[in-house]
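The following pair of complexes shares a single chain, chain A, combined with chain B in the former and chain C in the latter.
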Partner chain A sequence: MFNFINYFVLTVIVVATVYPFLNVLAISLNDSTDTVRGGIYLWPRQFTLKNYETIFGYSTLITGFKISVLRTVIGTVLGLISASMLAYTLSRPDFRSRRFVSVFLALTMYFSGGMVPVYILMRDLHLIGTFAIYVLPGIVSAFNVFVIRSFIDGLPYALQESAKLDGANDFQIYYKVVLPLCKPVLATIALFLAVGQWNSWFDTYLYNGNKPSLTTLQYELMKILDSTQQGSAMVNSNDLAKLMQQVSPESIKMAITIVVTVPILVVYPFLQRFFVGGMTLGAVKA
Partner chain B sequence: MDSQSAIPSAGRANATSASTAGKRSFWTEIVRQKYLYLMSLPFVIWLFVFNYVPIWGWTMAFQNYKPAKSFIDQKWVGFDQFRTLFHDDQFYMVLRNTLAMSVMGLVAGFVFPIVFAVLLNEVKGVAFKRVAQTISYLPHFVSWVVVAGIVTNMLSLGGVVNHILVWLHIIDEPIQFMAKPHWFWGIVTGADIWKETGWNAIIYLAAITGIDKELYEAARVDGAGRFRQMWNVTLPGIRSTIMVLFIMSIGHLLSIGYEKQMLLGNNLVSDYSQVLDLYALNYGIKIAHFSYGTAISMFNSVISIILLFTANGLFKKFAKESIM
Partner chain C sequence: MKWNSKKALPLLTLTGVVLLAGCGGNNGNDNAADSSSSPASAGPTSSSAAAPSDSGTKMDTTPITFTFFGADASPNWNNMQDEVGKVITEKTGVTINAEYDVASGGGQSKIALMAASGQYPDLIFAKGELGKLIDAGAILDLTDLIDKYAPHIKAIMKGSENRMKYSYDDQAIYSLPTNGGVGSQYFDATGGFEVQLRVLKELGYPQIKTVQDYENVLSEYVKKHPTTDGQPTIPLLLNGDGWKRMITITNPAFLATGAPDDGEYYVDPQTYQAELHYKRPEERDYFKWLNHMYNVGLLDKDTFVEKDDQYQAKIASGRVLGLISQEWEYGNAENALKSAGKDDRTYGHFPVTMSDQYQEKELQSAGVDFWGISITKACKDPVRAIQFLDWLASDEGQVLINWGIEGKHYNVVDGKRVIPEDVLNAKVNDNANFTKTTGIGLYTAFAPHYGDGVKDPTGNYYTTNFPEQIQASYSDAEKEALKAYNATTWKDLWPSDLPVKEWGALYNMQVPTDGDYQVIYQKTQEIVDKSIPKIILAKPEDFDKLYDQFLADLNKAGAEKMEATYTELVKNRVKLFTGKDIQ
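So, the complex of A and B:
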């Protein structure tokens, strides 16, 4: 009896998690004028790829896609380099400034200047309206550094010492000995970084909202979402209005949602075993 | 979680580096460790610029900041910005919304993942367990933009939630959830539950696997059923994990972010959807009242730091007790 109820409850949870995605997929594949009638659940009623054709024929979204990919790749690579280098230096017991760097880094997890001072800083640095603003401010994340560091602490130190005896300098030890052993934790951090970059929209909204050449996919989706909402404050841009005459905003919204979500669905099963380990690594340390 | 990993690491770094630092002079040591410095100093400078310089920006809260003027030419106004802030009715409304949504999020963010982890742990079929878990943390990886779109879709007049409620005769006709101010806090909390329950359950599931299997055996011998085992073995087994995470999240009570509120909110529900960060955004940046916006941000940060120290104190007290 208990088993039955338990399986039932868990099945309901699983269905409630999956159903919205399937519903979005079905609507995105359904004829736009037909969708307005409602009643699309798991399968499209009038199958069409027109919604996707429309959004892929729309230059703003193509630009958005490129910028999203670019910031994801660059942001992830820079984030991995910085976090692994810092983590390595912090794992070296003989590093003289280890304590200072460690505390300096840890403090950033507790303090934040807040939205307005950060905005003023970005303006003073002339980063507003540039691509750099997507990747520069987020390069070093204390959390990522500490996760990698605790992984390195778990590696046998003798490996580093024997490399040292062979005449390797500290950078070579990092690059040739430590980094290859860190693959599992680096995969986890790479996933966190990439998902964070791919999903972010607020920096575009705040800093680059009026720069059509720098908008991201998430931001474009957010604009469409906002313009279709009740009591919306945002006025449609002309481009968007034109696009929506051909296909209903609802269908566009769903098609973009799928385009934005699919890359994550594709990579995440492969990285799953890593990030579960990474999550527990961070927690067990307590 | 972040905070837990940081405190012990900083402490240990301290102990070991003090003992290994040799008698060599300061500069020879730096030259000897030049690669370590090359690999860390650039990032320290970077942190200084992007994380520490904005704290200096708090001085704006005590000025009547004009972007065109230099720091020396700014007019200092003392606590005037804060006085205006504390006399603004909207501020109290925003504070109420922030606190309400963070407390609801805090409670839901513990109850649901723990229940989910405990239930999942009771499942014997490995395949079902794995599929359920994999699917459960899927929403964690999609953006709030997507989640907001999905939630709006599900809760719309023709959406599935209204369909089910009408079909079950709980309501007579569809409700416009997104246009009802009183539903907003619940919708945000619900969206949070949908997105993060599976992800947050990972830690509890890991903690549950650490529980000694013999305890269940002993409980069974004593005639405990499944519910008694869950209540008397599983939950006490993960008690310390729950406590640590709970105390830590108190420190983040006011920093609930603004993404969900901004994306799910609209003009019809703004009395219930405005939170501190959005208030700072609307006043501080959109209409360029930078000093006022900074005062809001600063209020937020200072309260967060106070909560964090309180939480840390509680944590120390709790940790000491658990050792004894």
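So, the complex of A and C:
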């Protein structure tokens, strides 16, 4: 009986999460004019790859893809290193200014300078028009630091003490003892960072919009989406009539959604195996 | 060296904190705005008074690059590597390094950043955000530049010179109107009230002039055919999803009562008093009619609960007899009908009014009044910039921008410009790639230009749109209906020869961005969004009470104050545009 309820509830959850995705996939593979008629659920009614063809017809997508991959990899690695270092320091009870630094960090979670001051700061730091602007400004996120810190706090401090007795210095403790134990939380944070980096387009738009060599995938897709949007003021009514005969936004939107999601789906299983706690069970005898 | 905790811990922290510095935005650096205004020369006051009067021949064509920002998206922009772009560079020496806004942002955030940081491109197409840049002192007054260096622009703008000026109080020319064609004609009417062609045919093409005619047609047909393809027939469908309620529900209220489209306002053509159009007594009758349509079951009861895609799907199913909308609003659904071969389920357009005493003014022209391109203070060489724009505005430039290169994108046959079959094919069926490689259509908004239906000295149209095309694109069912109404296009049913609006296109008018105006406007919009569905869905006996309540709510939100501000702006505009003296 318990098994039955268990299976039932889990099945409902699976259906509820998988269905929207399949629906998006089906619409993205459906003829765009036909989509308007509605009623597409799991299978495309008039199969076509034209929507994907439209998207991949844009050559700028390749540069965008490269930069997106680069910023995701570099941003995630640097973000992990800096957040975990800071978190480790803050977790040490013998660090005297930990209170001050914690408050200082927490402040950034509640207050920010607003778009214009941030832009001016970036300009004065000469970061505008560089690749660094994708990675540096967001390299330490207070939230991530606190998540990692509370994980480290949960680790037995005795492990660090025993390492010290064995002659390890602070960097060694951090690298050889703390980091390996933190794998589950690091995997989680890595996923946050990677998804965030992969999905962001607004920084490209604000800072690097006129640098085609630094464009990102999401930014390019955003532009394509625009081109299918109707009612742009640049076209007059006579042109609009012609525009109407082309691809409808709905199918293109869905195809873009798929293009954006698939890489994350591919990466996810590789990170998933780290999402297991309990590695420290039995590490210290009570 | 041995690391011990006293040294290493602060070091580790420091590493973190230094890295953090990048993301903390609140560092108090925000008043740097004015520090970096560009050192470029202060305007065009330089020597060359004896300017080339026929700029085409003597123009400096040494290579120069201008940066440009466009507040509209232009996804096919190809950094001037397209065929038309190369010719432009060759003829003028100018390369444009362009950046366009994305996500239908209208340039809002980007232009706010420019105004705050003082970093401007050389040329900018700022749309509704121009005011911010002018306030920041970033835009050059073009009056003298046009006078000295831009004979072609002057020729195009002849008769509309006043309409280039910014405002009554500041009569400088900050932008050239480029977002529309001068002298542009409507070839067809795509709005009004829509009726399915099969309905018209079955009822013998009845006269449809008033809402009563319209109602009779719909109810008569639905009585005969309560179902379509096995599903219930829907006599009248409107779209209440978000801003589209303006297109299908509230704008038709003034169109059906003889007022032109001035957004949410009505402007009295004699006194220039502006008021929210809902306040006109005539419109109460229109909403009363909608209320009646709902209560007799002709208006679809899901109007205010369904989303846009459900609305489109219903139209695409072919069972909706009547719409009150614009063709672009339901075009996707109509395309679906066409591709399914159901041409008789598409729609004809009629200028329907409340009664014979009104004239439908949907097609009344606002005249030349467009957003446009500006030259900023950062521009290295404003003279070259205006000469570049003027070249684009020349006959040679306009033909190049619209038609492309002779012998490649069009041929001249017996003095007529003709687009070869294969080029036309690529243009229609693969428009994105066509635009990217040829550049046709990418440069239209850079300079003032003539609109559709205007002929150049050779007797050809400047643009590639002309009336014959529209007629050729009609389906047989549509042609049959038009013939029965003795018309060649739907436009023929509309009244013509309406005077040009003296106040231009009010959606282009800069309204106060600070103070009460915006707040009140938002409030009134919320009241409209909330009240209109209630009024239409009310029981007939409650209608008047609710409508009174609606008007009272508007005034309570401060509508009168807002209208007074707006009236003042409209009057100044009329004074500026026409030179009339108005109190």
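By definition in this document, the second predicted complex is superposed on the first by the 183 of 286 C-alpha atoms of A that agree within 3 Å, B and C clash if a C-alpha of one lies under 4 Å from a C-alpha of the other, contacts with A are read in each partner's own complex, and residues count from 1 in each chain.
The criterion applied here is as follows: a contact is a pair of C-beta atoms (placed from the backbone, for glycine too) under 8 Å apart; a residue touches a chain by one contact, two chains touch by 3 or more.
Everything numeric in this text was worked out from a predicted model, so none of it was measured.
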item	value
Touching partner for A:Val147 - first (chain B), second (chain C), both, neither	first
Partner chain(s) touched by A:Thr33 [first = chain B, second = chain C, both, neither]	second
First, second, both or neither for A:Ser97, with chain B first and chain C second	both
Contacts of A:Arg71 with chain B and chain C, given as first, second, both or neither	neither
Touch count on chain A, higher of chain B and chain C	B
Which superposed partner A:Ser112 touches (first chain B, second chain C, both, neither)	both
First (chain B), second (chain C), both or neither touched by A:Asn169	both
Partner chain(s) touched by A:Asn6 [first = chain B, second = chain C, both, neither]	first
Which of chain B and chain C A:Leu136 touches, first, second, both or neither	both
Common interface residues of chain A - those touching chain B in one complex and chain C in the other	38-39, 82, 85-86, 88-90, 92, 94-95, 97, 101, 104-105, 108, 111-121, 123, 125, 136-137, 139-140, 169-171, 174, 206, 222, 225-226, 229-233
Chain A residues within the chain C interface of the complex	33-34, 36-39, 54, 57-58, 82-83, 85-86, 88-90, 92, 94-95, 97, 101, 104-105, 108, 111-121, 123-125, 127, 136-141, 145, 169-171, 174, 205-206, 209-210, 212, 219, 222-227, 229-234, 236-246, 248, 250
Chain A-facing residues of chain B, complex	1-10, 13-14, 16-18, 20-21, 29-30, 33, 35-40, 43-44, 46-47, 49-58, 60, 67, 116, 119-120, 122-124, 128, 131-132, 134-136, 138-139, 141-146, 148-150, 152-154, 158, 160, 176, 178-179, 194, 197-198, 202-203, 206-207, 225-227, 241, 244, 251, 255, 258-259, 262-263, 266-269, 277, 280-281, 284-285, 290, 293-294, 296-298, 300-301, 305, 308
In the complex, chain A residues that touch chain B	2-3, 6-7, 9-10, 13-14, 16-21, 23-24, 27, 38-39, 41, 82, 85-86, 88-90, 92-99, 101-106, 108-121, 123, 125, 136-137, 139-140, 142-143, 146-147, 149-150, 169-171, 174, 195, 198-202, 206, 218, 221-222, 225-226, 229-233, 253-254, 257, 260-261, 264-265, 268-269, 272, 276, 279-280, 282-286
Footprint of chain A on chain C - complex, ascending	2-5, 8-10, 12-13, 15-17, 19-20, 22-30, 32-33, 67, 69, 72-76, 79, 97-100, 102-104, 109-110, 112-113, 116-117, 119, 127, 179-181, 184, 186-188, 190, 309-310, 312-313, 316-317, 327-328, 331-333, 335-336, 339, 371, 428, 431-433, 441, 444-445, 451-452, 465, 470, 473
